[in-house]
Structures are given as structure tokens and as C-alpha cells.
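Naming follows writing order (A, B and C), and every chain is counted from residue 1.
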């Protein structure tokens, strides 16, 4: 096997693709450059962007379930908190233990990694039974049972029967400094943590993207379009939803691990329904039917919020803006921001839209995997059933 | 730290308090349940309606007419108008969507945010409290414990509302339309029922009940912008336990949760806030139609 | 009655019961000296800040401006406004105007940390102060060290932020975090001293369900043990913050029939509690209720004042000490806002002056210079004379008194008031063999 040749060939292919017009490869290169350049930006902007990455991953995980199987969860904060508390507890209780075993130089990093794995394992461990039970229900009832599970988790974290979560105050997360061979760096330092978040979020996003575009993902989409039809075709709808639930929770759990380190605290508010609602807001604003919807939605959510916060008179009422936006999007433009961007692009490029383009995708993300939104006018071809309003009564 | 174990004593006051908390929950839950039963809409903003009812009542009492009962009626009606407007403008366009349920849930959640901020904008983020109406502003001592007489009034009014609703739904023409439409909308529509108008009417009624709940509770609790978010979750628990769409279920569920809130602090030091959610999960899994029958009265 | 001395007809000369001879200091000397030093620094600074263009001193403050305790943030804003106006009308800080940016923590650690980062990195503040909640302070303290920015806490009372890291498993004290107001240990020491005077053996508590509520109760029990107070602790209730209806918790406490109750409820929660406790006959059935720092809510709130005859504490009293500085501050505040100053207003007011003094004395707004100045600083303000202890805690007193309505000020006041000296030695002795840190 000539792996090197293949790799070399791929590289050449990639380079030529990137050089050859506004292809996905070129967007990829520009995106990567942007991410690297941002690391040298003003400290607060780095922080804000890291925050965006984490919220984007949270919403993306949530949308695997909502966008791809049609189940709206109001309890994904449970998994967000699960990841955060997993890493926080390990850092607090096992940090000194690891320091004894491997020496204090490397132990903060090791503890963080182990904490992340423990957080993820905890989330999956919770998601398996919670998902199994929840996917027995649909629609409103699914939203209600996930809300109940989330609030059950909230109650348990607050009341802390096992003495692990430190009640209402939450657990302080201190990431510590790593010393290896004379050089030392702080894991929580702004740019270090940014780099770490970029790598983790990109990897998790890529993983999710692969799943969505696998045969499994195709089945999920069939379920979303019509659970009855899918089940008539012999698909085990409930099993697929359960698996998606676990995957979705795991992605949210990873976001939770990153959240703990970024915020410096794992607090019970993470599992409150109002936190779960952030994923709903970001996803709906971005466009639930697109893979990139929650990412764009998180961007809109955080940056508009930040912009509002620069005006002290408006700051107190930022929720009003998002409430109104949410209502407007659901009522008038279910495709959300990504749908809007695609529409705008098609308008700007005119007829060019059908032929020349590769896969559509506002910013380098593929919409939904299956559909090339080729056909003129049909911006959201795979979404008719979800946006069709039928006759007005 | 451990405390010497206390023998829990259920006093008269504990029961009265539990029932008054339950009555308050009933007024919000029954509207929520009614709207769901007839329209199929789970109104996330119902807690916001309840809060709005309390605020309008406070504003009228302190600013316009110093009569609690007039203010309470004004509060309830104002919320009814807000509710009907929301139904007409933002929920009605969604009935025919494929996933109408979830879209409506998300839209009403949008109104949770809007109402919350609107209340903060108008009344600020502090909290308010008022005294019960003068006639009932005294304490009752029974069996060694003391409680405000007004609590008995709230319990009485909740029972009256339950009875009134029952008569309304079972004995009036409008009630029969509501029942017919909730069991088969298409059929009702074919028989000439103006379904959209009926829906707005039911939404108005449900909103009035939430507003009334808020108005009547204003003397019992402090009213702050956080109120809506707290109470909606309790209301969800109640309607799930009682059965979405069931009015008697809402009553029994509300009283159960009310008693649990009243006695919880004495019996269970840990876990008392977790139990209602656990109950909600169990009911959803094993009896999603609720403990007290399915859709109906 | 506590140390009942009857000659307290005039609130300006109220009964002060200062324990243990307070160290005699000469506040004047140091201040005068510092002002002189500051003048020298102005000249030096004028030379080097010419090209800088940054001719204001910018401070960032984080308080609760929304929700159940927004009245605390509002009081702090008043104190800040006063200090800012006074300083800027009198030549500023070394000739530079002081500007204070106030942000809302929403009583949440997440939000507070975000606001801090934004203040430091976006608004480039020279120093931080504020915080109303113990839970938030606990999470914020390590962040101040990571941001390398001095943080003057003006209200949040948890002892663990002025207990050096390692002293106790919860300790998060570090070089950057200071506190100019009295902390929970100092305040609860006063509660135990008050309890010692009362004819009550069975004690209960109803406190908010977070660090502050639990710490209050833990310290109270340990101080009672350390001071030899004959007390049994028979009931405890910790309702969540922003509970709308306290009645079930009230009735649970009443069922336990304690003689006295210590309650650290605060903000709108306290107002709600008092109204509902009155309805339930609380103040008839329970002999004594001690409202720890109750005056912070009482003075600022318009509903349900503390019942007369019960006991309350404050971190600062508008009438004690009876000094020129305090009287002038109180009168100016009353003139401006038509209310007596709360401790939160005073704490925030003093924080701005602390920064002024540190900046003028070091001639710099550099973090390291400010931290050096604050460390061990002696200072004087409306609250009296104090210094920062080894753990960066102000050695201010514990102030407890009997709630009394005063016609002249149309407000509740503490009368008689007892001022207990609460320095490091007093507290560590009173804690006896407790394993809780003194936080000073």
C-alpha cells in the first residue's frame, strides 16, 4: 500500500481544490487561518470566541436529537452539567492523588484529561438509561420528560445527598499549571485554553458530522421526516432515537467539560431548564434543519448578546431581543439564519446557483449532508415537511 | 451536622398552608391543562401569565383603585386579553404545521422571555408584596398554630373555580362545543363550529385563570420577575401528574404538590425538591395520560 | 436587653460598648502623610502620563443589580456615586478623574466571572471591587488572582476568601483579594456575644440554601461553644434563594418551638420572610429573633421592616462610631437619598477611597503597586479606623443592636448598639478548638 503517495495525492488534490475558486477546501483553509489568527487577537475576544465554541458544541449536540430525529429536549442541561461536574470533581478530589503518582509537573494536565474522560463517561452513563426511558415518548411528552430529568438532576446537585457537588455554590474549577522540562504553562491561560477548545470542538464536530452522513444518519433523517413511514420500512425507530440520544448527550457532555474549565466553576445552573433553553434558542435561531444551524445560531446568540452588553441601557433587556427573535424565526422563517444566508447567497449569485457550486454551506459546513441545495429557488429542499404551513385556518 | 430527630407533627396550619399552595397551583395548572386539552398547545408562557396577573393586580391596588377584588378581576382580565392576543397573533398560524406542537412550545417559550423582560422594564426587578384585603387580614389560631385567614379564602375560591368550570363545560352550549372540539376538531369544524374563534376563547379563559391565580396569590407571596419561571415548572408537574387536559386531575395534582411543599420541609430534609420531578418522570413513563383519567373533565 | 445602659436618649451619643481596649491609632498622621506623598506623585505622574492619554482612573464594580437582592446593588451604586462626585470635585485622584463602571452579577458566579473578565480586558480597569454573595465571592477569588487584578470585596462575607489557600479545604484567599467590610466570622462572633446575654437555650436557624446560610449556622455553633454560651441547636431550615413562600419553612421552625432563631436571610427574601412570619405568629411565639446583617435589607427596602425589639446586625452603623467622618457621610447621604446609608453603600463608598489612597500613595495604578499598598494598609472611613490583617481582611468591628424605630430619621436604627472588637486574636480565641478558619 502506498500510503504516502495517496496522502501526497490527497494533499495535491486539496491544494488545487483550495486554489480553484470558492470551494469547500478554500473555506476550510481560510477558516483554519482565521482560527489561528484569532489566537493573537485581544484577550477578551479570544475568551468570547472560546465561549462561542463551547456553546456551539452544546447546541450542536442538542440538535443531533432535535434536527435529526425530531425530538425536542428541554433537559440537555443535565449533560452539560454532567461533563462540567465530572471534571470539577476529579480536579478537586483526585488532583493531589495524581500529583503523588506522576509528579506535580504533569499532573494538572493529566487530571484535566482524566476528568474530561470521567465527565464524558458520567454523561454517557446517565444518558443510557435516561435516553432509553425518554425515547418511549414523543413530541410534547418527550420535551416534558427531558425537562423533568434535567430538573431532577438540578435538585440532586443542589441538595447534594452524596456530598459531591457542594450544593448551590457549585465547585470551583482550577486547572493549574503544567511544568515539563523547565517550561511551564497554565492550562487555563486564555490562549492555551482557546487552542485546546478549538481542537476538541473541531474534533467533536467532525465526529458528529461523520455520523450524520453515515447510513445511521440517513436513517435518522428518514425518522425525522416521518416516523411512521420509517417504521413501516422496518426501521427500529426507538432504537435509533436512543442511540442518537446517547450520542447527542455525549457531545453536550464534552461541551460541559470545556465549559467548566472556561467558567472556572461548575454550578448547578448548568442543569436548570433555562440553560437547556440556550441550546434551543441557538438552534432555532440558526436553523435546526442544517448541520451548521446550531453553530451559526450560537454565534449570533453570543455576539449579539455581547454587542448588547456594550450598551448599558440595553443590557438589562437582552432576553427581550432573543425572545422576539425566537418568535419571529419560528413564525416566519423556520430555516433560521443559515437558511437566510443560503437564500442571500442564491440571490447574490443568481442563476449561478445550480451548476457551478459544490455543496452549499454558509461557511464551510455542509447543510444536512444529503441535500445539495442546487435547484434554483429551492433553498431548503429537504425541509418541506417541516416548514410547510399548509392552509391557514 | 445531625440534629436530634424531631417528631413531625402535622398541624392544622400545615394542612391549610398546603391546601392554599395547592389552590394557587390549581388556578394556573387548570388553565394550562384546559388549553392543552382543547388546543393541543403546551403554553410555556403560562407562568408568565400568572406573574403578569400578580403585577397588574399590585399596580391597580397601589396606583388606581384601592380595592383588592376589583384589582384582581382587572389583573385576570388583562392577562386574558394578553393571552388571546398571543394566541391570535403567534400561535394560530402554527396549528397546521406538521410539528405544530413543538413550534408552539418554542414560540410560547419566546413569550416567556418577552414577558419576563417586559415586566422588568415596567415594574423593575425588585419584589413587591401587598396585604390581603382588609376583611380577611387577620390571623386564625387553630390547634396551636396560626395562619392568615386569607388562605382559607384562596382555598374556597379555588374550589369555586373548579365547580364553576365544571358547570360551564358540562352544562353550557359553549362547554359542549369545547368538549366536541377537543375530542374531534375536524368533525366540529364540519358541523359548523368556528374552531379558530373557539380556540381563542379557550385560550382567553385559560389565561384569565392564570391571571386570577397570580392576582389571588399576590398577598401570599412576594411578586418578582422570577415568579413566572418558578411557578411554570410546578404547573408542569401538576398537569403531568393530574393528566394533561384533565381539570379534576389538575385539582388533585395541585393539592398533592401543595401538600408536599407544605410538609416537605418537616419530613424530608434532603430530597424534598427532587421528589416532584421523580413523580413527574414516573407518571410520564407509566401513565402518560395522568393519574386521573384522560382528556376530559 | 443587651448590656442595658439606659442613658441612650440621643442617638448621636448612643451606648457604645467597645470590648477589649481597641488599639489606639492616629489616623490623621498617616492620611496627611499619604496626601503629601500623593501630591509628589502627581508631579511625577504628570511627566510620564503625558503620552499615555489615559487620564482617568477606571475602576470596575460588580454587584447584584437584578433579582431578589437588587436593592443591595442599588445601595452600592449610591455609595459609588457619592465617592465619585466627592473625589472628582476635589481634584480627583492625583488630578485624574475617577470613573467607575458598575456591572450586574445576577448573583451568579458564572456571570460575575464573565463581567470581571470583560471589565479587566475590555474596559481596562485599574482595579475591581464589589460582590454581594458569598457563593459568588468564593468562585471569583481565584479568578482575581488569575487576572492579576486587585479585588476589594465590600460586602460578600464568606471567611474563606480571606483565609489563605490551604488553611481549610474551602480556603481561596490570595494576594489579590481584600475585604473592607466585616466578614461572617466577625459578624457571627457578635451574634454569639448577643446570644450569651439572652435568656434562650434552644436555638434554630432559617437561612438561604447556599454557603452563607450554612456557614452562618456552623460558625454560630462553634462560637457558642468557644464562648461557653449555654445553647442547644434544635432546628434548621435552608429554603432556596428567591423562595416566594416561606410559610412551610416557618411552620416547621415553629413546630420545633425554639426560644430564639438566628436568620441570615437577606434582600427580598428577608422582606418576604418577615411578612409571612408575622402572619404565622412567629414574633409572638419565638422570644428572640436575630437578623444577622438585617439592617442592610431594612434600611433599603420599603416593605416589612424588621420588628422592633428584635436583634439585628450591620457591617456599618450610621451612628457608631460617633466621629466626624461618619456623621458627615451619614448626613450627606441622607440629604441626597432621603434614607440612612446601608453598609453596602458605605462599603462601596470606602472602596473607591481605598483605591484613591493606594494610587496616590504609590503614585501608580499598576497592579503590583496597588496590591502592595493594600497589604497591611491602615485606613479610616465612616466605619472607623481599621487596618488590613495578614489575610487581607479589614479589622472592623462586629455591630449588633436592638431594632428601634427612630422618629427623627423615620427609620429603624440599632439602639442600643453594641460594638464588639473583632480582631484576629479575639476571633481565634473565641473559636476555641473549632477547625473553622477565622478568615482574618
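Here is the rule we go by: a residue touches a chain if its C-beta (ideal position, glycine included) is under 8 Å from a C-beta of that chain, and two chains touch if they have at least 3 such contacts.
Chain labels with UniProt names: A, B = Branched-chain amino acid ABC transporter permease; C = ABC transporter substrate-binding protein.
None of the values given here were measured: they were computed from a predicted structure.
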**Message:** Counting C-beta pairs in contact, which two chains come out on top?
**Reply:** A-B
**Item:** Greatest separation from chain B - chain, by CA centre
**Value:** C
**Prompt:** Once you find the CA centre of chain A and the CA centre of chain C, what distance in Å lies between them?
**Reply:** 42
**Averaged-CA centre spacing for the pair chain B and chain A, given as whole angstrom** = 35
**Asked** Residues of chain B that touch two or more other chains: which are they?
**Response** 120, 125, 273
**Junction residues of chain C, two or more chains touched** = 65-66, 240
**Item:** Per-residue multi-chain contacts in chain A, two or more chains
**Value:** 158, 316
**Request:** Name, in rising order, each residue of chain B that touches chain A in their complex.
**Result:** 36, 42, 90, 92-99, 101-103, 105-107, 109-114, 116-118, 120-121, 125, 195-196, 229, 233, 236-237, 240, 244, 270-274, 277-278, 280-281, 284-285, 288
**Fill in**
The chain A residues in contact with chain C across the complex are 42-44, 47, 158, 167-170, 172, 174, 186, 188, 263-265, 267, 269, 309, 315-316
**Message:** Quick check: in the complex, which residue numbers of chain C touch chain B?
**Reply:** 65-68, 70-71, 218, 221, 233-237, 239-240, 242, 244-245, 247-249, 251-252, 254-256, 268, 271-272, 275, 279-281, 284-285, 303-304
**Asked** Where on chain B does chain C make contact in their complex?
**Response** 1, 3-4, 6, 8-9, 11, 13-14, 17-18, 21, 120, 124-129, 139, 141, 145-148, 220-222, 224-227, 230-231, 261-266, 273
**Message:** Which residues of chain A touch chain B once you look at their complex with the stated criterion?
**Reply:** 70, 72, 133, 136-137, 139-141, 143-145, 147-149, 151-152, 155-156, 158-159, 161, 273-274, 277, 280, 284, 316-317, 319-320, 322-327, 330-331, 334, 385-393
